[in-house]
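Letters A, B and C name the chains as they come in the text, with residue numbers starting at 1 for each one.
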Amino acid sequence: MDATLKEVYSLVLTQWPLVAGAYALLWTGLVVYVGLALKRLSELGKQLEVLEAAVARRGAE
Amino acid sequence: MKSSVIRALIALVVGGALTLAAFLGAFFWAGVPDFGFVRTAQQTDSVRYQGPFVQDVDEARYLRNFVGYEADITADGTLTEGRITEASEDGVTLETDAGDVTIAAADFDSAQVHGSTYGRPDWGQKIFYFHVPVAEISFIVFGFAAFYSIRFIMTRRREYDTKARVSMEVTLLFVMFTMATGILWTRAAWGVWWMWEPRLTTYFIMTLLVIGYFVLRNAVEDEERRALYAAAFGILAFIDAPISFFITRLIPSNHPVIERGGLEPPMLATFIIAQIGMILLGYAIYQLRMGEVLLRDRIEHAKTLLER
Amino acid sequence: MASASMRQFKAMLRKDVVMELRTKEMLMSMGLYSLLTMVVYFVALSQAGAGFDPRDIAAGLLWLAFIFTSMLGLNRSLVHEKDQGCLEALLLSPVDRPVIYFAKVTGNLLFLLIVEALTIPVFAFLFLQGETIDLRTMALIPLVLVAGSIGIAGVGTLLATMSVNTSGKDFVLAMLFIPLIYPLLLGAVMATGAAIVGTPEALGVFWTGMAWVIGYDVIMLLASYGLYEFIVGA
(Lines give C-alpha, C1' and ligand atoms only; values in the text may rest on other atoms or scores of the structure.)
Protein backbone atom coordinates (compact mmCIF):
# COMPACT_ATOMS: atom_id res chain seq x y z
CA MET A 1 0.00 0.00 0.00
CA ASP A 2 1.14 3.54 -0.71
CA ALA A 3 2.75 5.18 2.33
CA THR A 4 0.27 8.04 2.23
CA LEU A 5 -2.74 5.77 2.11
CA LYS A 6 -1.23 3.67 4.86
CA GLU A 7 -1.11 6.75 7.01
CA VAL A 8 -4.66 7.67 6.00
CA TYR A 9 -5.98 4.25 6.87
CA SER A 10 -3.88 3.84 10.03
CA LEU A 11 -6.99 4.23 12.20
CA VAL A 12 -8.68 1.42 10.32
CA LEU A 13 -5.68 -0.80 10.78
CA THR A 14 -5.47 -0.16 14.54
CA GLN A 15 -9.21 -0.28 15.18
CA TRP A 16 -10.21 -3.48 13.45
CA PRO A 17 -9.58 -5.87 16.37
CA LEU A 18 -11.79 -3.73 18.59
CA VAL A 19 -14.63 -3.59 16.09
CA ALA A 20 -14.37 -7.29 15.37
CA GLY A 21 -14.23 -8.00 19.10
CA ALA A 22 -17.33 -5.93 19.80
CA TYR A 23 -19.33 -7.69 17.09
CA ALA A 24 -18.00 -11.12 18.09
CA LEU A 25 -18.96 -10.58 21.73
CA LEU A 26 -22.42 -9.31 20.80
CA TRP A 27 -23.20 -12.06 18.30
CA THR A 28 -21.79 -14.97 20.29
CA GLY A 29 -23.55 -13.64 23.40
CA LEU A 30 -26.90 -13.45 21.61
CA VAL A 31 -26.55 -16.80 19.85
CA VAL A 32 -25.39 -18.64 22.98
CA TYR A 33 -28.09 -17.09 25.18
CA VAL A 34 -30.90 -17.76 22.70
CA GLY A 35 -29.54 -21.23 21.94
CA LEU A 36 -29.43 -22.18 25.61
CA ALA A 37 -32.94 -20.79 26.14
CA LEU A 38 -34.29 -22.79 23.19
CA LYS A 39 -32.53 -25.95 24.38
CA ARG A 40 -33.97 -25.60 27.89
CA LEU A 41 -37.37 -24.91 26.38
CA SER A 42 -37.37 -28.08 24.28
CA GLU A 43 -36.12 -30.19 27.20
CA LEU A 44 -38.84 -28.82 29.46
CA GLY A 45 -41.40 -29.45 26.73
CA LYS A 46 -40.40 -33.11 26.52
CA GLN A 47 -40.48 -33.43 30.31
CA LEU A 48 -43.96 -31.90 30.39
CA GLU A 49 -45.22 -34.29 27.71
CA VAL A 50 -44.09 -37.30 29.76
CA LEU A 51 -45.61 -35.92 32.93
CA GLU A 52 -48.92 -35.01 31.32
CA ALA A 53 -49.15 -38.45 29.74
CA ALA A 54 -48.63 -39.93 33.20
CA VAL A 55 -51.32 -37.68 34.64
CA ALA A 56 -53.73 -38.69 31.86
CA ARG A 57 -53.00 -42.39 32.47
CA ARG A 58 -53.70 -42.00 36.15
CA GLY A 59 -56.92 -40.12 35.35
CA ALA A 60 -58.02 -43.01 33.10
CA GLU A 61 -57.33 -45.69 35.72
CA MET B 1 -47.71 -21.03 26.65
CA LYS B 2 -47.46 -22.28 23.09
CA SER B 3 -48.54 -18.94 21.65
CA SER B 4 -45.83 -17.07 23.55
CA VAL B 5 -43.18 -19.44 22.19
CA ILE B 6 -44.54 -19.08 18.66
CA ARG B 7 -44.51 -15.29 18.99
CA ALA B 8 -40.98 -15.53 20.32
CA LEU B 9 -39.84 -17.61 17.38
CA ILE B 10 -41.43 -15.27 14.84
CA ALA B 11 -39.80 -12.27 16.54
CA LEU B 12 -36.53 -14.18 16.68
CA VAL B 13 -36.54 -14.93 12.94
CA VAL B 14 -37.66 -11.47 11.82
CA GLY B 15 -35.44 -9.69 14.34
CA GLY B 16 -32.49 -11.90 13.45
CA ALA B 17 -32.98 -11.20 9.73
CA LEU B 18 -33.22 -7.44 10.33
CA THR B 19 -30.17 -7.49 12.60
CA LEU B 20 -28.25 -9.41 9.99
CA ALA B 21 -29.37 -6.90 7.35
CA ALA B 22 -28.23 -4.05 9.58
CA PHE B 23 -24.91 -5.83 10.12
CA LEU B 24 -24.37 -6.10 6.37
CA GLY B 25 -25.56 -2.54 5.91
CA ALA B 26 -23.12 -1.28 8.52
CA PHE B 27 -20.15 -2.76 6.68
CA PHE B 28 -21.12 -2.68 3.00
CA TRP B 29 -23.55 0.21 2.61
CA ALA B 30 -23.04 2.90 5.23
CA GLY B 31 -20.00 5.10 4.73
CA VAL B 32 -17.15 5.53 7.15
CA PRO B 33 -17.06 8.98 8.74
CA ASP B 34 -13.82 10.90 9.17
CA PHE B 35 -12.09 11.10 12.49
CA GLY B 36 -9.45 13.80 12.28
CA PHE B 37 -7.23 14.23 9.22
CA VAL B 38 -3.82 13.50 7.76
CA ARG B 39 -1.62 15.89 5.79
CA THR B 40 0.41 14.55 2.92
CA ALA B 41 2.92 16.05 0.49
CA GLN B 42 0.88 15.26 -2.55
CA GLN B 43 -2.43 13.86 -3.66
CA THR B 44 -2.02 10.15 -4.38
CA ASP B 45 -5.65 9.06 -4.54
CA SER B 46 -9.06 10.71 -4.62
CA VAL B 47 -10.34 8.47 -1.84
CA ARG B 48 -11.03 10.54 1.34
CA TYR B 49 -9.27 13.56 -0.26
CA GLN B 50 -10.56 16.58 1.63
CA GLY B 51 -8.82 19.38 -0.26
CA PRO B 52 -5.56 21.26 -0.56
CA PHE B 53 -3.47 22.03 2.48
CA VAL B 54 -1.72 25.40 2.59
CA GLN B 55 0.50 26.54 5.42
CA ASP B 56 2.40 29.79 5.85
CA VAL B 57 5.82 29.30 7.43
CA ASP B 58 7.78 32.25 8.75
CA GLU B 59 10.97 30.56 9.99
CA ALA B 60 13.29 28.34 7.93
CA ARG B 61 13.74 25.72 10.64
CA TYR B 62 10.03 24.82 10.58
CA LEU B 63 10.48 23.62 6.99
CA ARG B 64 12.10 20.47 8.40
CA ASN B 65 8.57 19.21 8.99
CA PHE B 66 7.70 19.59 5.31
CA VAL B 67 10.38 17.68 3.42
CA GLY B 68 8.81 16.40 0.20
CA TYR B 69 6.15 19.14 0.06
CA GLU B 70 5.79 21.73 -2.68
CA ALA B 71 6.77 25.17 -1.38
CA ASP B 72 6.92 28.80 -2.59
CA ILE B 73 9.82 30.39 -0.74
CA THR B 74 10.57 34.10 -0.70
CA ALA B 75 14.21 34.81 0.06
CA ASP B 76 15.98 38.13 -0.41
CA GLY B 77 12.91 39.43 -2.19
CA THR B 78 12.85 36.74 -4.92
CA LEU B 79 10.32 33.92 -5.17
CA THR B 80 11.47 30.29 -5.70
CA GLU B 81 9.02 27.48 -6.37
CA GLY B 82 9.88 23.81 -5.95
CA ARG B 83 9.85 20.66 -3.86
CA ILE B 84 11.72 20.65 -0.55
CA THR B 85 14.37 17.92 -0.61
CA GLU B 86 16.35 18.87 2.46
CA ALA B 87 15.86 21.31 5.33
CA SER B 88 17.87 22.07 8.47
CA GLU B 89 18.76 24.90 10.86
CA ASP B 90 21.13 26.29 8.26
CA GLY B 91 18.97 26.36 5.19
CA VAL B 92 16.70 24.59 2.77
CA THR B 93 17.29 22.85 -0.57
CA LEU B 94 14.60 22.99 -3.23
CA GLU B 95 14.25 20.87 -6.35
CA THR B 96 13.01 23.26 -9.05
CA ASP B 97 12.49 23.05 -12.80
CA ALA B 98 15.91 24.71 -13.19
CA GLY B 99 17.74 22.27 -10.95
CA ASP B 100 18.45 22.23 -7.20
CA VAL B 101 18.47 25.56 -5.37
CA THR B 102 19.82 26.03 -1.85
CA ILE B 103 18.58 28.92 0.27
CA ALA B 104 20.43 29.90 3.44
CA ALA B 105 18.41 30.44 6.59
CA ALA B 106 19.80 33.97 6.87
CA ASP B 107 18.22 34.96 3.52
CA PHE B 108 14.86 33.33 4.27
CA ASP B 109 11.84 35.66 4.47
CA SER B 110 8.73 33.50 4.30
CA ALA B 111 7.32 30.40 2.67
CA GLN B 112 4.03 28.89 1.66
CA VAL B 113 3.86 25.08 1.79
CA HIS B 114 1.32 23.15 -0.34
CA GLY B 115 0.03 19.64 0.22
CA SER B 116 -3.16 17.64 0.52
CA THR B 117 -5.48 16.87 3.40
CA TYR B 118 -6.98 13.41 3.82
CA GLY B 119 -9.70 12.37 6.22
CA ARG B 120 -8.76 9.54 8.55
CA PRO B 121 -11.57 6.97 8.43
CA ASP B 122 -13.14 6.21 11.83
CA TRP B 123 -13.80 2.53 11.53
CA GLY B 124 -14.59 2.23 15.23
CA GLN B 125 -17.84 4.08 14.52
CA LYS B 126 -19.15 0.77 13.10
CA ILE B 127 -19.74 -0.29 16.71
CA PHE B 128 -22.32 2.50 16.94
CA TYR B 129 -24.90 0.63 14.81
CA PHE B 130 -25.27 -2.05 17.47
CA HIS B 131 -24.03 -0.41 20.66
CA VAL B 132 -26.74 2.26 20.64
CA PRO B 133 -29.73 -0.04 19.86
CA VAL B 134 -28.58 -2.51 22.51
CA ALA B 135 -28.28 0.31 25.07
CA GLU B 136 -31.75 1.59 24.11
CA ILE B 137 -33.25 -1.86 24.60
CA SER B 138 -31.64 -2.07 28.03
CA PHE B 139 -33.36 1.17 29.03
CA ILE B 140 -36.71 0.13 27.53
CA VAL B 141 -36.76 -3.30 29.17
CA PHE B 142 -35.67 -1.76 32.46
CA GLY B 143 -38.69 0.52 32.12
CA PHE B 144 -40.91 -2.52 31.62
CA ALA B 145 -39.39 -4.15 34.69
CA ALA B 146 -40.21 -1.04 36.75
CA PHE B 147 -43.71 -0.92 35.25
CA TYR B 148 -44.41 -4.56 36.15
CA SER B 149 -42.96 -3.93 39.61
CA ILE B 150 -45.48 -1.12 40.11
CA ARG B 151 -48.26 -3.35 38.78
CA PHE B 152 -47.19 -6.08 41.20
CA ILE B 153 -47.25 -3.75 44.20
CA MET B 154 -50.70 -2.53 43.18
CA THR B 155 -52.29 -5.91 42.45
CA ARG B 156 -50.08 -8.46 44.29
CA ARG B 157 -50.56 -10.87 41.41
CA ARG B 158 -47.74 -13.33 40.97
CA GLU B 159 -47.66 -13.05 37.18
CA TYR B 160 -46.47 -9.44 37.42
CA ASP B 161 -43.62 -10.49 39.67
CA THR B 162 -42.60 -13.09 37.11
CA LYS B 163 -42.83 -10.53 34.31
CA ALA B 164 -40.75 -8.03 36.28
CA ARG B 165 -38.13 -10.68 37.03
CA VAL B 166 -37.87 -11.84 33.43
CA SER B 167 -37.70 -8.23 32.20
CA MET B 168 -34.90 -7.61 34.66
CA GLU B 169 -33.04 -10.67 33.32
CA VAL B 170 -33.32 -9.34 29.78
CA THR B 171 -32.15 -5.95 31.09
CA LEU B 172 -29.09 -7.60 32.62
CA LEU B 173 -28.29 -9.36 29.35
CA PHE B 174 -28.54 -6.18 27.29
CA VAL B 175 -26.69 -4.12 29.89
CA MET B 176 -23.83 -6.60 29.58
CA PHE B 177 -23.88 -6.31 25.78
CA THR B 178 -23.86 -2.52 26.05
CA MET B 179 -20.94 -2.62 28.46
CA ALA B 180 -18.94 -5.04 26.29
CA THR B 181 -19.43 -3.11 23.05
CA GLY B 182 -19.10 0.21 24.86
CA ILE B 183 -15.77 -0.62 26.46
CA LEU B 184 -14.33 -1.67 23.09
CA TRP B 185 -15.66 1.49 21.44
CA THR B 186 -14.18 3.58 24.24
CA ARG B 187 -10.81 2.03 23.48
CA ALA B 188 -11.22 2.65 19.76
CA ALA B 189 -12.45 6.23 19.99
CA TRP B 190 -10.80 7.63 23.12
CA GLY B 191 -7.77 5.38 23.41
CA VAL B 192 -8.62 4.14 26.91
CA TRP B 193 -10.58 1.15 28.11
CA TRP B 194 -12.55 3.02 30.74
CA MET B 195 -13.19 6.64 31.65
CA TRP B 196 -15.06 7.98 34.68
CA GLU B 197 -17.29 10.04 32.51
CA PRO B 198 -20.91 10.94 33.41
CA ARG B 199 -22.65 8.56 31.00
CA LEU B 200 -20.30 5.66 31.67
CA THR B 201 -20.45 6.16 35.41
CA THR B 202 -24.24 6.32 35.63
CA TYR B 203 -24.53 3.33 33.32
CA PHE B 204 -22.08 1.41 35.48
CA ILE B 205 -24.23 2.27 38.49
CA MET B 206 -27.26 0.99 36.57
CA THR B 207 -25.43 -2.30 35.96
CA LEU B 208 -24.74 -2.59 39.69
CA LEU B 209 -28.39 -1.86 40.48
CA VAL B 210 -29.58 -4.60 38.14
CA ILE B 211 -27.09 -7.04 39.69
CA GLY B 212 -28.25 -5.86 43.14
CA TYR B 213 -31.83 -6.72 42.18
CA PHE B 214 -30.83 -10.36 41.73
CA VAL B 215 -28.65 -10.36 44.85
CA LEU B 216 -31.71 -9.19 46.77
CA ARG B 217 -33.94 -11.82 45.17
CA ASN B 218 -31.54 -14.61 46.01
CA ALA B 219 -31.17 -13.45 49.61
CA VAL B 220 -34.88 -13.59 50.54
CA GLU B 221 -36.38 -16.96 51.47
CA ASP B 222 -40.08 -16.21 51.66
CA GLU B 223 -41.64 -16.07 48.20
CA GLU B 224 -44.16 -13.31 48.80
CA ARG B 225 -41.67 -11.17 50.63
CA ARG B 226 -39.08 -11.70 47.90
CA ALA B 227 -41.52 -10.49 45.27
CA LEU B 228 -42.43 -7.37 47.26
CA TYR B 229 -38.85 -6.44 48.11
CA ALA B 230 -37.71 -7.01 44.55
CA ALA B 231 -40.57 -4.87 43.22
CA ALA B 232 -39.75 -2.03 45.63
CA PHE B 233 -36.07 -2.14 44.74
CA GLY B 234 -36.86 -2.36 41.04
CA ILE B 235 -38.84 0.87 41.25
CA LEU B 236 -36.15 2.67 43.26
CA ALA B 237 -33.42 1.42 40.93
CA PHE B 238 -35.24 2.64 37.81
CA ILE B 239 -34.76 6.24 38.98
CA ASP B 240 -31.15 5.94 37.75
CA ALA B 241 -32.18 5.06 34.18
CA PRO B 242 -33.51 8.50 33.12
CA ILE B 243 -30.53 10.12 34.84
CA SER B 244 -28.16 7.95 32.82
CA PHE B 245 -30.13 8.52 29.62
CA PHE B 246 -30.32 12.31 29.79
CA ILE B 247 -27.04 13.09 31.55
CA THR B 248 -25.05 13.51 28.31
CA ARG B 249 -27.46 16.25 27.33
CA LEU B 250 -27.33 17.95 30.73
CA ILE B 251 -23.68 18.17 31.71
CA PRO B 252 -20.52 18.32 29.60
CA SER B 253 -19.60 14.80 28.59
CA ASN B 254 -17.26 13.03 26.21
CA HIS B 255 -19.95 10.59 25.23
CA PRO B 256 -21.35 11.30 21.75
CA VAL B 257 -25.00 12.26 21.34
CA ILE B 258 -26.99 11.58 18.18
CA GLU B 259 -28.25 14.85 16.76
CA ARG B 260 -31.19 15.30 14.44
CA GLY B 261 -29.93 15.15 10.87
CA GLY B 262 -26.46 14.14 12.03
CA LEU B 263 -26.38 10.93 9.99
CA GLU B 264 -26.22 10.37 6.26
CA PRO B 265 -29.21 8.44 4.81
CA PRO B 266 -27.45 5.03 4.46
CA MET B 267 -26.13 5.32 8.01
CA LEU B 268 -29.51 6.40 9.36
CA ALA B 269 -31.32 3.58 7.55
CA THR B 270 -28.86 1.00 8.85
CA PHE B 271 -29.21 2.42 12.35
CA ILE B 272 -33.02 2.30 12.21
CA ILE B 273 -33.01 -1.28 10.88
CA ALA B 274 -30.62 -2.28 13.66
CA GLN B 275 -32.93 -0.64 16.21
CA ILE B 276 -36.03 -2.46 14.96
CA GLY B 277 -34.13 -5.75 14.75
CA MET B 278 -32.80 -5.37 18.28
CA ILE B 279 -36.24 -4.47 19.67
CA LEU B 280 -37.62 -7.66 18.09
CA LEU B 281 -34.71 -9.71 19.44
CA GLY B 282 -35.25 -8.26 22.91
CA TYR B 283 -38.96 -9.09 22.68
CA ALA B 284 -38.13 -12.61 21.46
CA ILE B 285 -35.73 -13.24 24.33
CA TYR B 286 -38.31 -11.93 26.81
CA GLN B 287 -41.01 -14.22 25.39
CA LEU B 288 -38.67 -17.22 25.31
CA ARG B 289 -37.84 -16.76 28.97
CA MET B 290 -41.51 -16.21 29.81
CA GLY B 291 -42.41 -19.42 27.97
CA GLU B 292 -39.78 -21.27 29.95
CA VAL B 293 -41.12 -19.96 33.26
CA LEU B 294 -44.68 -20.94 32.33
CA LEU B 295 -43.50 -24.41 31.28
CA ARG B 296 -41.79 -24.86 34.64
CA ASP B 297 -45.02 -23.87 36.38
CA ARG B 298 -46.96 -26.47 34.42
CA ILE B 299 -44.37 -29.15 35.21
CA GLU B 300 -44.64 -28.30 38.92
CA HIS B 301 -48.42 -28.52 38.64
CA ALA B 302 -48.26 -31.93 36.90
CA LYS B 303 -45.82 -33.18 39.54
CA THR B 304 -48.11 -32.22 42.41
CA LEU B 305 -50.99 -33.92 40.58
CA LEU B 306 -48.94 -37.11 40.30
CA GLU B 307 -47.83 -37.04 43.93
CA ARG B 308 -51.39 -36.96 45.20
CA MET C 1 -55.68 13.17 63.76
CA ALA C 2 -52.48 14.98 62.95
CA SER C 3 -51.75 15.51 66.63
CA ALA C 4 -52.27 11.81 67.28
CA SER C 5 -49.72 10.99 64.56
CA MET C 6 -47.40 13.55 66.06
CA ARG C 7 -47.75 11.92 69.48
CA GLN C 8 -47.05 8.50 68.05
CA PHE C 9 -44.07 9.88 66.15
CA LYS C 10 -42.65 11.44 69.33
CA ALA C 11 -43.22 8.28 71.33
CA MET C 12 -41.39 6.15 68.79
CA LEU C 13 -38.52 8.60 68.50
CA ARG C 14 -38.28 8.78 72.31
CA LYS C 15 -38.14 5.00 72.45
CA ASP C 16 -35.15 4.95 70.08
CA VAL C 17 -33.35 7.74 71.94
CA VAL C 18 -33.96 6.29 75.40
CA MET C 19 -32.80 2.88 74.29
CA GLU C 20 -29.68 4.44 72.79
CA LEU C 21 -28.97 6.44 75.95
CA ARG C 22 -29.28 3.27 77.98
CA THR C 23 -27.06 1.03 75.85
CA LYS C 24 -25.08 3.65 73.85
CA GLU C 25 -24.51 0.81 71.45
CA MET C 26 -25.14 2.50 68.12
CA LEU C 27 -23.25 5.70 68.85
CA MET C 28 -20.35 3.77 70.33
CA SER C 29 -20.04 1.36 67.43
CA MET C 30 -20.50 4.05 64.76
CA GLY C 31 -18.10 6.46 66.46
CA LEU C 32 -15.39 3.88 66.96
CA TYR C 33 -15.89 2.61 63.41
CA SER C 34 -15.31 6.10 62.01
CA LEU C 35 -12.22 6.43 64.19
CA LEU C 36 -10.92 3.15 62.78
CA THR C 37 -11.59 4.48 59.30
CA MET C 38 -9.26 7.38 60.10
CA VAL C 39 -6.49 4.90 60.91
CA VAL C 40 -7.05 3.22 57.57
CA TYR C 41 -6.91 6.63 55.86
CA PHE C 42 -3.60 7.37 57.54
CA VAL C 43 -2.17 4.12 56.21
CA ALA C 44 -3.63 4.77 52.76
CA LEU C 45 -2.12 8.27 52.63
CA SER C 46 1.19 7.42 54.31
CA GLN C 47 3.00 7.09 50.97
CA ALA C 48 1.44 10.17 49.40
CA GLY C 49 4.56 12.33 49.69
CA ALA C 50 5.16 15.92 50.72
CA GLY C 51 3.57 17.63 47.73
CA PHE C 52 0.21 16.17 48.52
CA ASP C 53 -2.57 18.52 49.67
CA PRO C 54 -5.04 16.66 51.93
CA ARG C 55 -7.69 19.33 51.31
CA ASP C 56 -8.11 18.05 47.74
CA ILE C 57 -9.52 14.73 48.87
CA ALA C 58 -10.77 15.63 52.35
CA ALA C 59 -14.41 15.79 51.18
CA GLY C 60 -14.24 12.37 49.55
CA LEU C 61 -12.59 10.80 52.60
CA LEU C 62 -15.18 12.31 54.94
CA TRP C 63 -18.14 11.06 52.96
CA LEU C 64 -16.54 7.67 52.55
CA ALA C 65 -16.35 7.43 56.34
CA PHE C 66 -19.97 8.62 56.65
CA ILE C 67 -21.26 6.09 54.13
CA PHE C 68 -19.63 3.11 55.78
CA THR C 69 -20.52 4.26 59.27
CA SER C 70 -24.10 4.87 58.27
CA MET C 71 -24.40 1.38 56.78
CA LEU C 72 -23.19 -0.06 60.06
CA GLY C 73 -25.66 2.06 62.02
CA LEU C 74 -28.64 1.41 59.74
CA ASN C 75 -28.07 -2.31 59.87
CA ARG C 76 -27.79 -2.26 63.67
CA SER C 77 -30.84 -0.11 64.24
CA LEU C 78 -33.09 -2.39 62.17
CA VAL C 79 -31.55 -5.62 63.48
CA HIS C 80 -32.45 -4.41 66.98
CA GLU C 81 -36.04 -3.77 66.01
CA LYS C 82 -36.32 -7.18 64.46
CA ASP C 83 -34.56 -9.20 67.18
CA GLN C 84 -36.66 -7.70 69.94
CA GLY C 85 -39.85 -8.11 67.94
CA CYS C 86 -40.43 -4.38 68.26
CA LEU C 87 -41.34 -3.84 64.63
CA GLU C 88 -43.98 -6.56 64.71
CA ALA C 89 -45.50 -5.04 67.84
CA LEU C 90 -45.58 -1.64 66.14
CA LEU C 91 -47.29 -3.12 63.10
CA LEU C 92 -49.98 -4.66 65.30
CA SER C 93 -50.64 -1.35 67.03
CA PRO C 94 -52.89 1.20 65.31
CA VAL C 95 -50.05 3.38 64.04
CA ASP C 96 -49.89 4.71 60.49
CA ARG C 97 -47.07 3.12 58.52
CA PRO C 98 -45.67 6.48 57.31
CA VAL C 99 -45.36 7.53 60.96
CA ILE C 100 -43.25 4.45 61.67
CA TYR C 101 -41.11 5.29 58.65
CA PHE C 102 -40.52 8.90 59.60
CA ALA C 103 -39.84 8.06 63.24
CA LYS C 104 -37.25 5.50 62.18
CA VAL C 105 -35.69 7.89 59.66
CA THR C 106 -35.51 10.68 62.22
CA GLY C 107 -33.88 8.40 64.78
CA ASN C 108 -31.27 7.20 62.30
CA LEU C 109 -30.72 10.77 61.08
CA LEU C 110 -30.14 11.94 64.64
CA PHE C 111 -27.49 9.33 65.40
CA LEU C 112 -25.86 9.80 62.02
CA LEU C 113 -25.59 13.56 62.51
CA ILE C 114 -24.09 13.13 65.98
CA VAL C 115 -21.44 10.76 64.64
CA GLU C 116 -20.71 13.08 61.70
CA ALA C 117 -20.38 16.06 64.01
CA LEU C 118 -17.87 14.08 66.08
CA THR C 119 -15.97 12.77 63.07
CA ILE C 120 -15.28 16.10 61.37
CA PRO C 121 -13.18 17.65 64.20
CA VAL C 122 -11.27 14.41 64.59
CA PHE C 123 -10.62 14.32 60.86
CA ALA C 124 -9.53 17.96 60.82
CA PHE C 125 -7.28 17.34 63.83
CA LEU C 126 -5.64 14.32 62.22
CA PHE C 127 -5.34 15.39 58.60
CA LEU C 128 -5.89 19.13 58.15
CA GLN C 129 -3.52 20.60 60.75
CA GLY C 130 -1.50 23.48 59.39
CA GLU C 131 -3.58 23.79 56.22
CA THR C 132 -5.17 27.15 55.47
CA ILE C 133 -8.89 26.82 55.85
CA ASP C 134 -11.54 29.50 55.31
CA LEU C 135 -13.82 29.22 58.33
CA ARG C 136 -16.59 31.28 56.68
CA THR C 137 -17.10 28.79 53.85
CA MET C 138 -16.50 25.89 56.22
CA ALA C 139 -19.59 27.13 58.05
CA LEU C 140 -21.59 25.91 55.04
CA ILE C 141 -20.62 22.29 55.66
CA PRO C 142 -23.41 21.61 58.21
CA LEU C 143 -25.90 22.37 55.40
CA VAL C 144 -24.44 19.59 53.25
CA LEU C 145 -24.24 17.27 56.23
CA VAL C 146 -27.92 17.69 57.07
CA ALA C 147 -29.12 17.48 53.46
CA GLY C 148 -26.91 14.48 52.69
CA SER C 149 -27.77 12.66 55.91
CA ILE C 150 -31.50 13.07 55.26
CA GLY C 151 -31.05 11.22 51.97
CA ILE C 152 -28.84 8.56 53.55
CA ALA C 153 -31.26 7.97 56.43
CA GLY C 154 -34.33 8.05 54.16
CA VAL C 155 -33.12 5.58 51.57
CA GLY C 156 -31.07 3.61 54.08
CA THR C 157 -33.96 2.98 56.43
CA LEU C 158 -36.06 1.53 53.63
CA LEU C 159 -33.23 -0.65 52.34
CA ALA C 160 -32.21 -1.77 55.82
CA THR C 161 -35.82 -2.76 56.53
CA MET C 162 -35.53 -5.05 53.53
CA SER C 163 -31.99 -6.29 54.17
CA VAL C 164 -32.58 -7.36 57.81
CA ASN C 165 -35.00 -9.97 56.49
CA THR C 166 -32.47 -11.45 54.07
CA SER C 167 -29.67 -13.91 54.50
CA GLY C 168 -26.38 -12.01 54.41
CA LYS C 169 -27.79 -8.79 55.85
CA ASP C 170 -24.85 -6.39 55.61
CA PHE C 171 -23.70 -7.48 52.17
CA VAL C 172 -27.19 -7.10 50.74
CA LEU C 173 -27.47 -3.66 52.33
CA ALA C 174 -24.16 -2.57 50.79
CA MET C 175 -25.07 -4.00 47.40
CA LEU C 176 -28.37 -2.09 47.33
CA PHE C 177 -27.36 1.03 49.21
CA ILE C 178 -24.11 2.15 47.57
CA PRO C 179 -25.32 2.22 43.94
CA LEU C 180 -28.59 3.86 44.96
CA ILE C 181 -26.89 6.55 47.04
CA TYR C 182 -24.33 7.34 44.34
CA PRO C 183 -25.96 10.54 42.95
CA LEU C 184 -26.30 11.98 46.45
CA LEU C 185 -22.72 11.07 47.29
CA LEU C 186 -21.44 12.81 44.17
CA GLY C 187 -23.34 16.02 44.98
CA ALA C 188 -22.38 15.92 48.65
CA VAL C 189 -18.67 15.43 47.92
CA MET C 190 -18.84 18.21 45.32
CA ALA C 191 -20.41 20.63 47.79
CA THR C 192 -18.20 19.67 50.74
CA GLY C 193 -15.08 19.89 48.60
CA ALA C 194 -16.10 23.34 47.40
CA ALA C 195 -16.70 24.48 50.98
CA ILE C 196 -13.26 23.25 52.05
CA VAL C 197 -11.49 24.91 49.10
CA GLY C 198 -13.45 28.07 49.84
CA THR C 199 -12.69 30.31 46.84
CA PRO C 200 -15.47 32.52 45.43
CA GLU C 201 -15.75 30.31 42.31
CA ALA C 202 -16.09 27.28 44.54
CA LEU C 203 -19.24 28.76 46.01
CA GLY C 204 -21.08 28.21 42.71
CA VAL C 205 -19.96 24.58 42.73
CA PHE C 206 -21.17 24.33 46.30
CA TRP C 207 -24.71 25.33 45.39
CA THR C 208 -24.72 23.04 42.34
CA GLY C 209 -23.80 20.17 44.64
CA MET C 210 -26.43 21.23 47.13
CA ALA C 211 -29.11 21.40 44.42
CA TRP C 212 -28.12 17.88 43.44
CA VAL C 213 -28.37 16.59 47.00
CA ILE C 214 -31.69 18.31 47.69
CA GLY C 215 -33.21 17.11 44.42
CA TYR C 216 -32.13 13.57 45.27
CA ASP C 217 -33.56 13.93 48.79
CA VAL C 218 -36.95 15.02 47.49
CA ILE C 219 -37.28 12.28 44.85
CA MET C 220 -35.88 9.46 46.95
CA LEU C 221 -37.72 10.36 50.16
CA LEU C 222 -41.02 10.48 48.27
CA ALA C 223 -40.32 7.12 46.63
CA SER C 224 -39.13 5.51 49.88
CA TYR C 225 -42.08 6.91 51.80
CA GLY C 226 -44.45 5.50 49.19
CA LEU C 227 -42.79 2.08 49.18
CA TYR C 228 -42.20 1.66 52.91
CA GLU C 229 -45.84 0.88 53.58
CA PHE C 230 -45.61 -2.20 51.35
CA ILE C 231 -42.21 -3.30 52.59
CA VAL C 232 -42.71 -3.11 56.31
CA GLY C 233 -45.78 -5.30 56.33
CA ALA C 234 -44.29 -8.05 54.16
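Just so it is clear, contacts are C-beta pairs under 8 Å (C-beta built on N, C-alpha and C of every residue); 3 or more make two chains touch, one makes a residue touch a chain.
Computed from a predicted structure; not experimentally measured.
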#### Entry: Chain pair that, of all pairs, has the most C-beta pairs in contact
A-B
## Note on the structure
argmin over chains of |mean CA - global mean CA| returns B
### Message
Quick check: how many Å separate the C-alpha centres of subunit A and subunit C?
### Response
45
### Query
So, what's the distance in Å between the C-alpha centres of subunit C and subunit B?
37
#### Entry: Mean-CA-position distance for subunit B and subunit A (Å)
21
### Task
Spell out the part of subunit B that touches subunit A in their complex, as residue ranges.
5, 12, 23, 32, 35-36, 38, 40-42, 44-45, 47-48, 118-124, 126-127, 130-131, 134, 173, 176-177, 180-181, 184-185, 187-188, 281, 284-285, 288-289, 291-292, 295-296, 298-299, 302-303, 305-306
### Query
Taking the complex as given, what residues does subunit C use to touch subunit B?
155, 158-159, 162-163, 165-168, 171-172, 175-176, 178-180, 182-183, 219-220, 223-224, 227, 230-231, 234
### Task
Would you pull the subunit B residues touching subunit C in the complex into a rising list?
153, 205, 208-209, 211-212, 215-216, 219-222, 224-225, 228-229, 231-233, 235-237, 239-240, 243
#### Entry: subunit B-facing residues of subunit A, complex
2, 4-5, 7-12, 15-16, 18-19, 21-23, 25-26, 29-30, 33-34, 37-38, 40-41, 44-45, 47-48, 51-52, 54-55, 58
